[in-house]
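The next part holds the structures, each set out as structure tokens.
What follows is subunit A paired twice: with subunit B in the first complex and subunit C in the second.
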Partner chain A sequence: MITLNNLKFYFPKGKRVFDDVTLSFVAGNIYGLFGKNGEGKSTLMRIMSGLLFPKSGQCRVFDEDISKRTVSCLQNVFIVPEEFELNGLKITTYEQVNSVFYPKFSKDQFYELIAEFELSKDQKISTLSFGQKKKVLIAFGIATNTKLLLMDEPTNGLDIPSKSQFRKIMASVADEQRCIVISTHQVRDLHSLINHVVILNQCNIAFDYSLSKVSNHLWFGKPTQGPQESIIYAEPSFTGKSVLIREDREESEVDLELLFNAVLNNSDAINNVLKNTYHDHAV
Partner chain B sequence: MTMQFSLKRIINSVYRDVTVLRGSIVTGLSIAAGILFIAFLLNLGFGDHSITAEDYAGTSGLLYVLFGVLFTFSIFKEVHDQKKNHLYLTLPISPVERVIAVWITTYILYTVAFTILGVLIGQMAIIFGSLFSKVNLHFISIFSEEYWKMITFYLFVQPVFFYGAIRFGKNRMGKTVLSLLLVFLGILFYNFLIYGMLNHDFDVFSGEQLASEAFNLAKKDFSITGRWLFMIILGPAMFLAGYFRMIEKEV
Partner chain C sequence: MDFDNSKPIYLQIVDFFYENILKKRWNGDERIPSVREMAMMVEVNPNTAIRAFNYLQDLEVIYNKRGIGYFISPDGYDKVLEVKKREFMKETLPDVFKKMKLLNIEFKEVESSFENYKTDEDHEKK
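After this line comes the complex of A and B, so read on.
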């Protein structure tokens, strides 16, 4: 559905951001895109929405080169950027002037989400806080019903109740037809929402697996028994949390933060374990 | 596959641009209205106590072009705003549709709106003048040769500012005017060079009658040719350059 083939990207006079990246995103999933600051999460989002063009390689969205920004392609893509400003219109006017360009836009869904986010449709956007503007844009993005929804740090600027509200809403709008990619460095905000993890590190994809595969092969927690060689990564902290090869242990909850640190520490070890298909067949 | 050209999307795009810029349009037209009112009153006071079609074009011409250029620059503000351009460029509108929509808004709609404003303000000035001075109450007339010249002139110069508005990110108006001056000086120098090379044997630089006649002739002939060349080549070329700039724009 969305494929990045041998993608290379660098900024003029800047460091290389992507070096021969090949990756694909499939409908029906909510992807969590993680990486350290400056690893290119936002850049990848911009490439996938056609705002930046790869220096070589291709980004194809629904069999079309997104960098051509054709109408048919853009009608299926919506991006919620990390930093943005909306035109100072009333929410209703904002919806009227922008929704007409998206054929699958649902007005009812938009105003339901606006109400759910405790906003009034008659409010003027210029009087809203950044977090509230973000809610308007998230609601609009969801209501466009595009096949690809890209969200760059969507929880930045949202208060604590709004973050859980966001997770609830996102879980309710995910379906088999839609691919949602959420980029963040606040991994805890996406806990229980995403079902696939992509981690960027050193200009490449360091990790690209579904959470079901992760929980099938890896075990997260404080090891109390078992051979020490099954430990892949251990936090050098008081809690002593570790990532272990699951083997015959009970399934554990995936600790995204621990997984992220483990991948950055030794991605080869993690990837080698996940290539093993024993549990995929056994479970 | 969805068509890359849709009249409905162009109309929607025009509506969006006008709605988003509603505040700037109202402010701009209010300022223009104020200036026009004073200018018409002065015209009535110092002239023959009436506003003829020629007076109308003379009074409103400069403002029409100036505010038109400002409007053309403001319509592309969203493209250069780093916090707004993501949403602008990912809207499902093709570059051709955008260029056409912007031209309709900044040329056709603007001309109609400015003309209506000019008529209303002119008529108000006549009524005001008739109440407080010797001005005879009459209906303002606008359509004269000067009026059509003014509209045609703006039709020619607007594409240059259209391109400047999309090409430059910062100090857009200054850079466009500077570029225009440089091009103008370049053409002037080139013409002078060619003219000098081809005519230096004919003593046309001596300041004699022949020289001024030659210049006048050349000016007359060239102005018509140049105008047509500008209309047929440079105007559409500027729109084409703007179109490619829009395609290549990365944010």
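After this line comes the complex of A and C, so read on.
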């Protein structure tokens, strides 16, 4: 439903951001978008929401070229950026002014979320802290009920209880109609929500697989025995864990940090294991 | 819910079901939370919760009434007891035995500790 075809992007005078990126996102999933600082996670999200235009290639969102910025396309997309400015309106005024752009916006849902985040609707946005402003934007983004919801580092600035609240809320709003893409460095915050991992590295997509596929074919942990050749990546430290080809081991939970390091270290080794698996019983 | 890193999250949710059933918080033919409610409760992707529900349904620990929701099977308790007992015998005990051997602990010592534990627990209940 969202396809990026041979996308190239660079900033004027800047270094290349995307070389030749082809990628697709399907509704019903929560995608985790990972990459080192400056690898282009935010840029990718801005391209997907029509805020930046690719130098070549196309980003098609629900069968329309997003860079054409048609109303029918943009009303189905919402982005919660990492950094943002909100004007000094009251929360209610903000809702009234902005909700008209989103036909599926739910006023009830918005104010429920505002209450859940312990904000009151008469507060002026300019008097709120960064984390509280972020909550307003997250609540608004969810309540727009757009088919594509992009969130750039959503848990940055949230306090400890709010992170758990955020997970609860995301678990309750994820459904078959919605495609959610979240970029983050806070792997622990969002690990349990994500079911598909995309890793950007060196201007390209270094990894793009569902977690069920990963846990079907790879094993994460400290190996006690077994042949060395099934080790794909090992952390160098004493307590270090490894990524192994799963073979007949019990299924393990995917360790996202370990997976990330393994992919940056040698993406070919991992991709080869996952690529050569034709008979997958589970999706 | 805090997740253990090694065990797949869906199986940790299954364990959460087992605990509720064994402690008789959830009884036979009783309605249990929906997939979405469970996903929210433990803060996971709904797909992960669905996997746990499917797993339990395959084991016939829970059953689905279309349009109403999920229920604990009438013999759900017995089924869970059987599963957990097997797991204890096959996984937990060998670990304990390994440690006992390593630390030179006699079975009699363990037996008397266990008797003490049982009487202590009975007292607490009274």
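The rule is short, and it goes like this: the second predicted complex is superposed on the first by the 278 of 283 C-alpha atoms of A that agree within 3 Å, B and C clash if a C-alpha of one lies under 4 Å from a C-alpha of the other, contacts with A are read in each partner's own complex, and residues count from 1 in each chain.
Heads up, the rule we're going with is that contacts are C-beta pairs under 8 Å (C-beta built on N, C-alpha and C of every residue); 3 or more make two chains touch, one makes a residue touch a chain.
No experiment lies behind these values; they were computed from the predicted model shown.
> Considering only touches as defined above, state whether A:Ile205 meets subunit B (first), subunit C (second), both or neither.
So A:Ile205 meets neither subunit B nor subunit C here.
> For A:Gly221, is the partner it touches subunit B (first), subunit C (second), both, or none of the two (neither)?
Touch status of A:Gly221: second partner only.
> Contacts for A:Glu253 in the overlay, against subunit B (first) and subunit C (second): which applies, first, second, both or neither?
After superposing on A, A:Glu253 lies in contact with subunit C but is clear of subunit B.
> With both complexes superposed on chain A, which partner does A:Glu83 reach: first (subunit B), second (subunit C), both or neither?
A:Glu83 contacts subunit B only, not subunit C.
> Taking the superposition on A as described, I'd like to know which of subunit B and subunit C A:Thr70 touches: first, second, both or neither.
First partner only, subunit B.
> With both structures placed on chain A, which of the two partners, subunit B or subunit C, ends up touching more residues of subunit A?
Looking at subunit B versus subunit C, the one contacting more residues of subunit A is B.
> Given the touch rule stated above, what does A:Leu113 touch, subunit B (first), subunit C (second), both, or neither?
neither
> Touch test for A:Ser49: subunit B only (first), subunit C only (second), both, or neither?
A:Ser49 contacts subunit B only, not subunit C.
> Should A:Arg167 be classified as contacting the first partner (subunit B), the second (subunit C), both, or neither?
second
> Which of the residues in subunit C come into contact with subunit A in the complex?
Per the touch definition, subunit C meets subunit A at residues 3-9, 11, 36, 39-49.
> Quick one: in the complex, what on subunit A touches subunit C?
Against subunit C, subunit A makes touches at 28-30, 164, 167-168, 171-172, 174-175, 191-195, 215, 220-221, 251-253, 255.
> Per the contact definition, I'd like the list of subunit B residues that touch subunit A in the complex.
1-4, 6, 9, 12, 15-16, 19-20, 23, 78, 81, 83-84, 86-87, 89-95, 247, 250-251
> Okay, in this complex, where on subunit A does subunit B touch?
Residues 46, 49-53, 69-72, 74-75, 77-79, 81, 83-89, 93, 96-98, 100-102.
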